[in-house]
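In what comes next, subunit A is part of two complexes: it sits with subunit B in the first one and with subunit C in the second one.
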Partner chain A sequence: MRFRCERDGLVDALGAAGRAVASRGGSLPVLSGVRVELAGDRLSLIGSDLDLTIGVEVEVAGEADGVAVVPAKIASDLVRSLEAGAVEVHVEGDEAHIAAGRFQSSIRLLPADEFPRLPEPAPDAVTLAAKDFALALHQVVPAASADDARPILTGVLMAAEGDGLRFVATDSYRLAVRDLPGTSVLREGQSVLVPSRALRELERLLGAAGEVTLRLGERDATFEIARTRLTTRLIEGEFPNYRGLIPSTYPNRLTVGREALLDAARRVRLMAREATPVRLSMSADGLELVAITQDVGQAHEQLDAKYEGTELTVAFNPEYLLDGVEVTPGDEITVETVDHQKPAVIRSTEGSEFLYLLMPVRV
Partner chain B sequence: MREHPPEPPGILHVDMDAFFVSVELLRRPELRGQPVVVGGTGDRGVVAAANYEARVYGVFSAMPSARARRLCPHAVFLPGDHHHYGEVSARIMAIFGTFTPLVEPLSLDEAFLDVRGSRRLLGTGPEIARSIRARVLDEEGLRCTVGVAANKFLAKLGSQAAKPSVSPKGVEPGEGVRVIPHGGELAFLHPLPVRALWGVGPATSRKLERLAVRTVGDLAALPLDAVVASLGEATGHHLHRLAHGIDSRPVVTDQRPKSIGHEETFARDHHRHDTLRRELVRLADATAARLRRHRAAGRTITIKVRFGDFRTITRSSTLPTAVSSGPSITRVAKELLDGVDPGQGVRLLGVSVSHLVIDTGRQLSFEDAVAAGWDDASAAVDQVRARFGDDAVVPAAVTGPAGLRIKRGGDQQWGPDANPPAEP
Partner chain C sequence: MRLVIARCSVDYSGRLAAHLPPANRLLMVKADGCVAVHADGGAYKPLMWMTAPNRLVEREGSWVVTNPKGETLTIAVEEILSDTSWPLGADPGLEKDGVEAHLQALLAANCERIAAGLRLVRREYPTDVGPVDLLCRAPDGTTLAVEIKRRGEIDGVEQLSRYLDFLNRDPMLRPVRGVFVAQQVRPQARVLAADRGIRWLEVDYDELRGIESSEQRLF
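On to the complex of A and B.
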């Protein structure tokens, strides 16, 4: 294999594929490398830890086709350290030679024939606007659990809902639900559970993209953005019955300006130390946020708000509360409550596409 | 302000009688009745403990062993075995723990207990004091003395007053339990020498003598200003309060309870799952009630099964979130029990909950919301029981042909009844 290319394109490609490379050595040493394949002028790079695979294609000036697996970390660091301009790569025996200007290096390769065969993406494809998809992920993914002891909850449920696609995630303390109407990706009643780790990577890739193509298979999901392809193994198992958690009626309803609530919660939170909650006292007079930490101090702030219901004080983890309010769209939000121990629901007054359900802290 | 007749006091100070020596005498019963001294036996050793027979000769703790030998040459001197005393102490503290979770050990042989939360189930402070003495004697063969009062300071003085006394004539057994009733604090306290107050050493004692203070009553009669002028701000306030019987220090457990549970030894071995499941419901229900009383919830459910041949196994399961309701504990405990073969006969069954968390300030989860039906019901059950007694509301499985059988803390202090309900 031998090719020439621009340093910048190669840095980006190695970086993207490298993000899927197994971080912890794992059972297959070859997975600490990026598989590089040259066919004509097309260079394909793939990194994988078997759960998550990221592949990228770039145009190069090819001279001789071939396949090699380069150690991801060192190759990426090395190419990134080069000055902008042309880079020359050629593979000879078990070494890759990388040269730029008067710089010369050779890297010992990993055995390419040990690199595992990766699944083919499902043939059925649906293309969506990347912006909508990215926003939905931004709203839902943070609610997924980071606790590997509960694998089901580390996933985001993507399910057919009406004529659209629904995203659901929960860590059992809060639940985020987002609908993308008019987006039929799955057949009615069909759903997949996608690891949130893969979706966080996908969010990074969606940044400046125009479109994203989804291919949902039985065991894998593939997302294609321009010349990058992310494939993830799906999580097997039954997602909890989240519908049953959402109370059908709420006796109490608070309506408050979103920015005002965010600003006040960020200020008051500073006095909610050591896992103490922020209390929301809701009455006809409006909303008061209170945080008291023993031996540290206290803060409270009164907010104008409309409140229908019985006077109620309910306490929340301030981070969970902010996570939800931050991603709720619109200028005004509602907080609906049953009592101080039941889940509260946060929604926008401007549409029902997003819902955030939050459990209180017992006080 | 107080118009209701006051309840008997509920702070206990339990002090083992000549603990180290008494433990040694259990291993060496042939030494009983002789003066026995435990401590360093070398030239520079000191006495760790002496029994009452040795104290008659003037031997006391912290005295150089050589001096003790001169005072009582015929005493038997034994080297201390702290490891063994520690084991016995742990068992005694565990007995205390069955009466209340609020146990504050002061040393191997001494502890404060706050039993005010246990009175409804186990009796008044004085009744619990007598139960503790009886159980420690029955289970460990050791005697202890208990002071019962409204606070720690008075309870400790109470236990000292109830100790066996020693004079050159011999040993006089003590009362064993001394209760300082509400309203009787000053009558008990004021005749005591001022040296009895916690914090009064030789130096303070001399200063007080200059003020003509000899008894606690003398001190109490002095104006606070005078006491502070003589002893300084901190000591003055402290002793002034004590002289009036005031001590607001709470009983603090040095560790929160690690687990809460109940177990029961059956009068006759059970061989069948369905019988055991019914017992399990009772035990889980009692455990849940105790958890809620301590405002606690726990994540790990453990069952303990002892077979007829005394082989004992435990099985446990850890939940993602803490629970405190009877049905949620029962559900897990039943699953664990299903994995145990009771064919050879089960003699004892226990349920406990560990990985405890304080239930206030806890982030609730959707599991709580799903179980909320039970939590609401559990809270209602607790209220009904508080008003109408433990048998007012019980799980259906607890009813049997012989009526209701409720598990109460402190049940089976003397083992199973001779005439148990028949196994259905």
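On to the complex of A and C.
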């Protein structure tokens, strides 16, 4: 294999494919590498840890076709460290030679024949507007659990809902639901559970892309953005029955400016140390945020707000509260509550496409 | 264990070429042949190293370490400041991390969490290839070997398979079935366990400890 290309293109491709590479080779050391294949002027790079696979294609000036697996980190670090301009790569025996300007190096390759065959994406494809998809991921993915001990909760549920697509994620402390109306991806009643790690990578790849193509297989989902393809294994198992968690009516309803609440919560949070919650005291006079940490101090701030209901104080984990308010669209939001122990719902006053359910903290 | 403090420069050639300019460093030569070059910082990680098997040739002012892959570590020794050797003897090995050992103790005290009616026979039941975490007896008289991990990977299933192989040679115990328990069992480990007829089970460490957070859960 021999080709020439621009450093920046190769850095981006190695970086993107490298994000799926297994941090430790585990039982398959070859997975610590990126598989590079040259066919004509098309260079394909693939990184995988078997759960997540990212493939990228770049145009190069190809001279001799071939396949090799280069150690991901060292190859990426090395190419990134080169001066901008042309890079020449050729593979000879079990070494890849990388040269740029007066720099020359050789990297010992990993055995290409040990790189596993990865599944082909499903033939049926649906194309979606990348901007809406990225926004939905931005709103929902942070609510997914990072705790591997509960693997079902590390996924984001994508389900058919009416004539659209619904995203749901929960870590059991909060729940985010986002609807994309008019987006028919799944059959009626169909749902899949996509690992949040894969969707975080997808959100990063979506960037300024115009469209994303989704292919759903039996056990995996593939997302194609321009010349990048991300394939993730789906999580098997039953997602919790989230619908039953959302109360149908709320006796108390607070309406408050989103930015004002965000700013106040960020200030007051500074006094909420060591798992101390932020208390929201809601009354006809408005909203008061309070945080008290023994031996540290206290902070409180009064906000103008409209409140309908009985006087109530509810405590929340400040991080979870901020996460929800930050991704709720619009200038004004509502916080609907039943009492100080039941979950509260945060929504925008401007639409019903996003909902954030948040469990209070016992004080 | 040989510890040499020396002013030296080091060159590595192999996957890449790398050079350490002259400075005072610790050269560590372990009984199994591993050679490591340490600076006075950087935690546990050597600046350069070569694992065994390798060949160390010591000449006047120069050490050359080579391995079968053709990699070479060349240490140019300018001055030796200290050269000591200490036999450390056999190492007892790394103890299981706290969570894993605690999981074992919690499940030993409450075998019902693994299967209804299960009774503990012994913790750390010895086999010829190492001790299995729990040996239990089911109500129907079947013996169960339980291997407990914090993260359930393929290696853990392989380990339990080896224990089962040896345990099933004992006429007093067989048939012995396996249960692989972890806080999380990786998909590949699930497939391998199912393929080998081993049951796998995920457990919640906090729940086993009876920890109730002030943060209430939705479900």
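Here is the rule we go by: the second predicted complex is superposed on the first by the 363 of 363 C-alpha atoms of A that agree within 3 Å, B and C clash if a C-alpha of one lies under 4 Å from a C-alpha of the other, contacts with A are read in each partner's own complex, and residues count from 1 in each chain.
Basically, a contact is a pair of C-beta atoms (placed from the backbone, for glycine too) under 8 Å apart; a residue touches a chain by one contact, two chains touch by 3 or more.
Source: prediction; values computed, not measured.
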Superposed partners subunit B and subunit C on subunit A - clash or fit: clash
Partner chain in contact with A:Glu218 - subunit B first, subunit C second, else both or neither: neither
First (subunit B), second (subunit C), both or neither touched by A:Arg233: second
Partner with the higher number of touched subunit A residues, subunit C or subunit B: C
Partner chain(s) touched by A:Ser105 [first = subunit B, second = subunit C, both, neither]: second
Contacts of A:Asn317 with subunit B and subunit C, given as first, second, both or neither: both
Which of subunit B and subunit C A:Tyr173 touches, first, second, both or neither: both
Which superposed partner A:Ile74 touches (first subunit B, second subunit C, both, neither): second
First, second, both or neither for A:Gln341, with subunit B first and subunit C second: both
Which of subunit B and subunit C A:Asp113 touches, first, second, both or neither: neither
Subunit B region in steric overlap with subunit C, selected from 314-322, 386-394 or 404-412: 314-322
Where subunit A meets both subunit C and subunit B, residue numbers: 149-150, 170, 172-173, 175, 240, 245, 275, 317, 341, 343, 359-363
Subunit A partner contacts - residues on subunit B that touch it in the complex: 320-321, 359-370, 372, 375
Partner subunit B, residues of subunit A touching it in the complex: 149-150, 170, 172-173, 175, 240, 244-245, 275-277, 317, 341-343, 359-363
Footprint of subunit A on subunit C - complex, ascending: 14-17, 69, 151, 153-155, 183-184, 187-188, 202, 204-205, 214-219
Complex contacts: residues of subunit A adjacent to subunit C: 26-27, 50-51, 71, 74, 78, 105-108, 148-151, 170, 172-175, 233, 236, 240, 245, 275, 317, 341, 343, 357, 359-363
